[in-house]
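Multiple structures are listed underneath, in structure tokens.
In the two complexes that follow, subunit A is the common piece, with subunit B as its partner first and subunit C second.
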Partner chain A sequence: MARYLATRVALGILTIFLVVLLTFLLMFVVPGDPARTIAGPRATPQVLALVNANLHLNEPVLSQLGHYLAGIVHGDLGVSYVQDQPVASIIGARLPATIELGLAGLALELILGGALGVWDGLRAKRSRVLAVVNVGFLSVPAFSLAFVLLLLFGYVVAVFPIDGGTGGDRIVLPALTLGLFGMPYYANVVRDAMQESLSAPYTRTAVAKGLSRRQVLRHHVLRNALSPALTMAGLDFAILLSGVVFVETVFGWPGIGQLQTQAFYNVDRPVLMGTVVVAAVLVVIATLAIDLLRMVLDPRTRLGTR
Partner chain B sequence: MIAPVFGPPDKIYANGISAKGLPLGFGSAGHILGTDSIGRDELSRLAYGGRTTLEITFIANLTSIGLGAIVGVVAGFLRGAVEHVLMRITEVFLSVPTVISGLALASVLGEGVFGVIVVVTALYWAWTARVVFGETLALRKRPFVEAAVAQGVSSATIMRRHIFPHLSSLLLVIAALNGAAVVAIGAGLSYLGAGVQAPTAEWGAMVNDGQSALEYMPHEVLEPLICIVLTVLAFVLIGDGMSRRGSVSLRRSWLDI
Partner chain C sequence: MSAAAPVPQETAARRGGLSVSDLHVHYGATHAVRGVSFAVSPGQTLAIVGQSGCGKSSTAHAVARLLPAGTEMEGHAVIGDFDLAAATGRELREARGRVVAYMPQDAMAALNPVQSAGRQIGEVLRFRRGATRSQAADGAIELLEQVGINNPPLVARRYAHQLSGGMRQRVMLAIALAAQPLVLIADEPTTALDVTVQAGILALVRKLVIADQMALVWITHDIGVVAEIADHVAVMYGGRIVEQGPVHTIFEDPVHPYTRALVRSPRQSRDAAAKARFDAIPGSPPLGDFPPGCPFHPRCPHAMPPCSSEMPATQTIAPDHTAACHLIGAPR
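Our next item is the complex of A and B:
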């Protein structure tokens, strides 16, 4: 068990390291003169040299990579070329909005998808509703869905303010986009788990014991059926936290996704790299946490350590 | 291919702007689908945009699946150190959310049609690699492969003659589902400004062009959106029909947020 854990953590760190290495090398091949970007077009050679020295840009690639890696270990992601602020604090400032949207979106996904999945799971045959939702929502890319909701509820029936900001009910539309977008995935997972759970021996035993339909469903079927959905939610949350670029851009939600789009326009490489690194760290941690949690909650998975 | 029928995409029509300086709406005479804010005909731009989108989809789908399939088969068949190295790299590509890394990649690899193809390939090959890897592991234990190994046939020949043919139906399903995702992400990147650049007509970029006029001229956004959705829908339906017999289903992260 301890050995398995150690391997998993080591692999996770290796993955993060490789992500950093890849992004770093990629960013390094880009033509461009960061010192010029920072100091302005009329900077003297002395100023440029100073900026280069401060950012270690005059050193060999490997040494630059070393500085960057050392920084990451200390939670330092470098300094933005455009905003003159540490990348870590720029991302940190955007985090609350992203967490808020992520949580709201995740909750809607779980509620909508879970409800649909449970409702459908109680039928022997896959219902038409789920089939339509499956194909319908899967073929609507997130930014298209966002625009449809924006038009419908922002202009046609102006229910929600769409001035691009946080607070109040401004969160409803972006969260609903995420919720509808994620719904079919959860519905399918929950439905399959329901079907499996309904035909499992423990359910048959519970029915044979004479428990009421309600009790069987609540204590035996649902408990087992919802666990795969929760697993999915964990990873989903990590992805949502690392920034939902399309939805945030369409609705002007000031989160990490929007920050990334801006960094792209400004060719602000440290910020771009920072968001990628943060995303990778979040996903690796979430994957690890889910596996551990599942081992704690579900004894069956403990022996099956791959 | 029939795009030229609808007229040039970049021509700015003198009658394309109304007297008030607004673009023409849906159903205007001469411009059935209206015009955009500088007076270009929407119908011809949509037709040419579809050409761009399908071009990107076709090539990027082919390259990402090809790369993924090769990596998956080689890792799954050779096992050992090769498997470890290749699958670790695959994991790395799977562990960063698509759009986030897409933007970062686009800023490095440049924009335009070629840029989008490279970015999309880099983002999507790993999914194919993982699915194909699993399938190859199963195929490897089948008698005909073992027989070939026992006969001393070289690994490269076994992979080409015995493994790839058995993957073809799986790869077709992947092609359809991956295609759906590629359409969405290609248009999405162009929408963000990280893909095809003006003046090339492309659906995602047209959404971006139209969004500032969303309030009074929604057709500029809605028409390309409908085209995108219908194209993705077509791919999803094809994939859905084929995968009834298979086991691959569209993954959450294929169509990213």
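Our next item is the complex of A and C:
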């Protein structure tokens, strides 16, 4: 186990390094002069030269990469070109909001999609409810769903505040958008897994034991049927952690996604880079966590058991 | 148990064995089992032998009441004065495991992949016999010992994928035996196993059947297994039992042309000359659509005019020996 963890952590660090490398090189393709961005359009050549020297911007690419990587190791992600604040503290201020929304969205997806999938999976034929959900939510773009919710519950029936920001029940609408958007994917996966599990020989064994329907479902069908949903949730969680741009933008949710969009428009390279690095770290941690959780739930994925 | 569920108890008086009569199974338009009757006494083994599609597994599933939803069955499967074939709802649930237990062919698929062997055995003790969690865990270990597992506490903690084929099948046997059933239906449980592992399990099952006075129905396509385990044999073809009798009669004095071909198949003979003389039955068994008359007539070397139009009646040849063939009594 220790060896497995060491390998996974090493692979994780390698992944993060490669992501940093790739994004760092991409930054040089993006047009724009950082010194001009920082110092403003009327800065003198002397000022520009000073800025370039301070930020090592006149050094070769590899040397700049070296400075950046050395900074990361010390928790220093540079200083924003626009806000004149350390990137680490800008992101640190935004991260809790993203994690909060990510967890809430994931929980709603799993609960709504899982419940619908289990309910529908107990029927031999796909129910109309799932058919409607499939057509309704899969065909509607996520941002229009966000606007519909915004309009309905923020304006027509003003039950939730839509003034942006976090706190109170402001999380309900963005989380519900994520939940409803992800629901049909989970519902379909769980429905198929339910059907498979219900007709599996191990379920027949449970029936032959004389267990009640409830016991058969609870002890044999459900745990096997929910396992694929967990795999999906792992991938989803990684995506949600790196910030969901459209939901954060529509609801004015001050998370990483929104920050990233702003940084992109401002050509604020350190902030853009910082969000990518933080997202990579979070994705690596989330996938490892999900794999460990799978080992707890499914003995076939445990180590050294073959 | 409530008075409303007259499920036979484990008293010696009610161990009257299993008596199946006029069993039919329909999968939609397909009439897979067409009037099958047999009886098995406690402590005895009936082997039902036949090729794929002959209806032997459908017969097993019907008696064990494990047919898929939407399948129609008719007939009787009586144990004591309880008709398993007519049981529904709670009565049926009470009967499962305690009256009739089932051992499937593929133990790997029949075991829940995410539950330990011990838990799956103990579950029967917990939910069917009112054991507590720790009693169930101890009981599971005892059952594993009974089915000849070395180091039962270790195997109880193992999952299906960590066990060998033979061990998995022994775990299935422990599950089947956990509620002390009166009847055990074994649906080719040793087919996928090595010959030596198979022999060990056959001997074990035979010993337990006699010790616990269960009635055992063993489904197989392997005539060699029949010789090892059976007291009586029912040969199935085309959804019907074509011949039935004590094992020595079936092997030494078969009357139905299909049985004769089956017991003389080359596995049965070590004599090279006999192997050379062996003629495979031409053609293949029917699947689903049975021909009119005797189902075997298209492949039968002795087919005569009535065979293709009239279903032969089951005739008694000796008190214990029956067969359904127009040849019986006819001049050969």
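What to note about this one:
The criterion applied here is as follows: the second predicted complex is superposed on the first by the 265 of 306 C-alpha atoms of A that agree within 3 Å, B and C clash if a C-alpha of one lies under 4 Å from a C-alpha of the other, contacts with A are read in each partner's own complex, and residues count from 1 in each chain.
The working rule: a residue touches a chain if its C-beta (ideal position, glycine included) is under 8 Å from a C-beta of that chain, and two chains touch if they have at least 3 such contacts.
Treat the numbers as computed from the prediction; the structure is a model and nothing was measured.
In the superposition on chain A, contact of A:T205 is made with subunit C only, not with subunit B. When the two complexes are overlaid on their common chain A, residue A:V61 makes contact with neither subunit B nor subunit C. By the document's definition of touching, of the two partners only subunit C reaches A:N224; subunit B does not.
When subunit B and subunit C are set side by side, the one touching more residues of subunit A is B.
By the document's definition of touching, of the two partners only subunit C reaches A:L297; subunit B does not.
In the superposed pair of complexes, A:Q215 makes contact with subunit C only, with no contact to subunit B. Of the two partner chains placed by superposition, A:A70 touches none, neither subunit B nor subunit C.
By the touch criterion stated above, A:I239 is placed in contact with subunit B alone, subunit C being left untouched.
Interface residues of subunit A, counted against subunit B in their complex, comprise 11, 14-15, 18-19, 22-23, 26-27, 29-30, 134-135, 138-144, 147-148, 150-151, 155, 178, 181-182, 185, 188, 232, 236, 239-240, 242-247, 249-250, 257, 260-261, 263-265, 267, 269, 272-273, 275-276, 279-280, 283-284, 287.
Those residues of subunit B that touch subunit A in the complex are listed here as 88-89, 91-92, 95-97, 99-101, 103-108, 180, 183-185, 187-188, 191-194, 207, 211, 214-215, 218, 221-222, 225, 228-229, 232-233, 235-237, 240, 249-250, 252-253, 255-257.
Remark: subunit A residues 124, 199-202, 204-212, 215, 219-220, 223-224, 227, 297-300, 305-306 touch subunit C in the complex. Contact residues on subunit C toward subunit A in their complex (touch as defined above): 64, 66, 68-69, 93-98, 101-102, 104, 106, 109-116, 120, 123-124, 127-128, 159, 161-162, 172, 175, 178-179.
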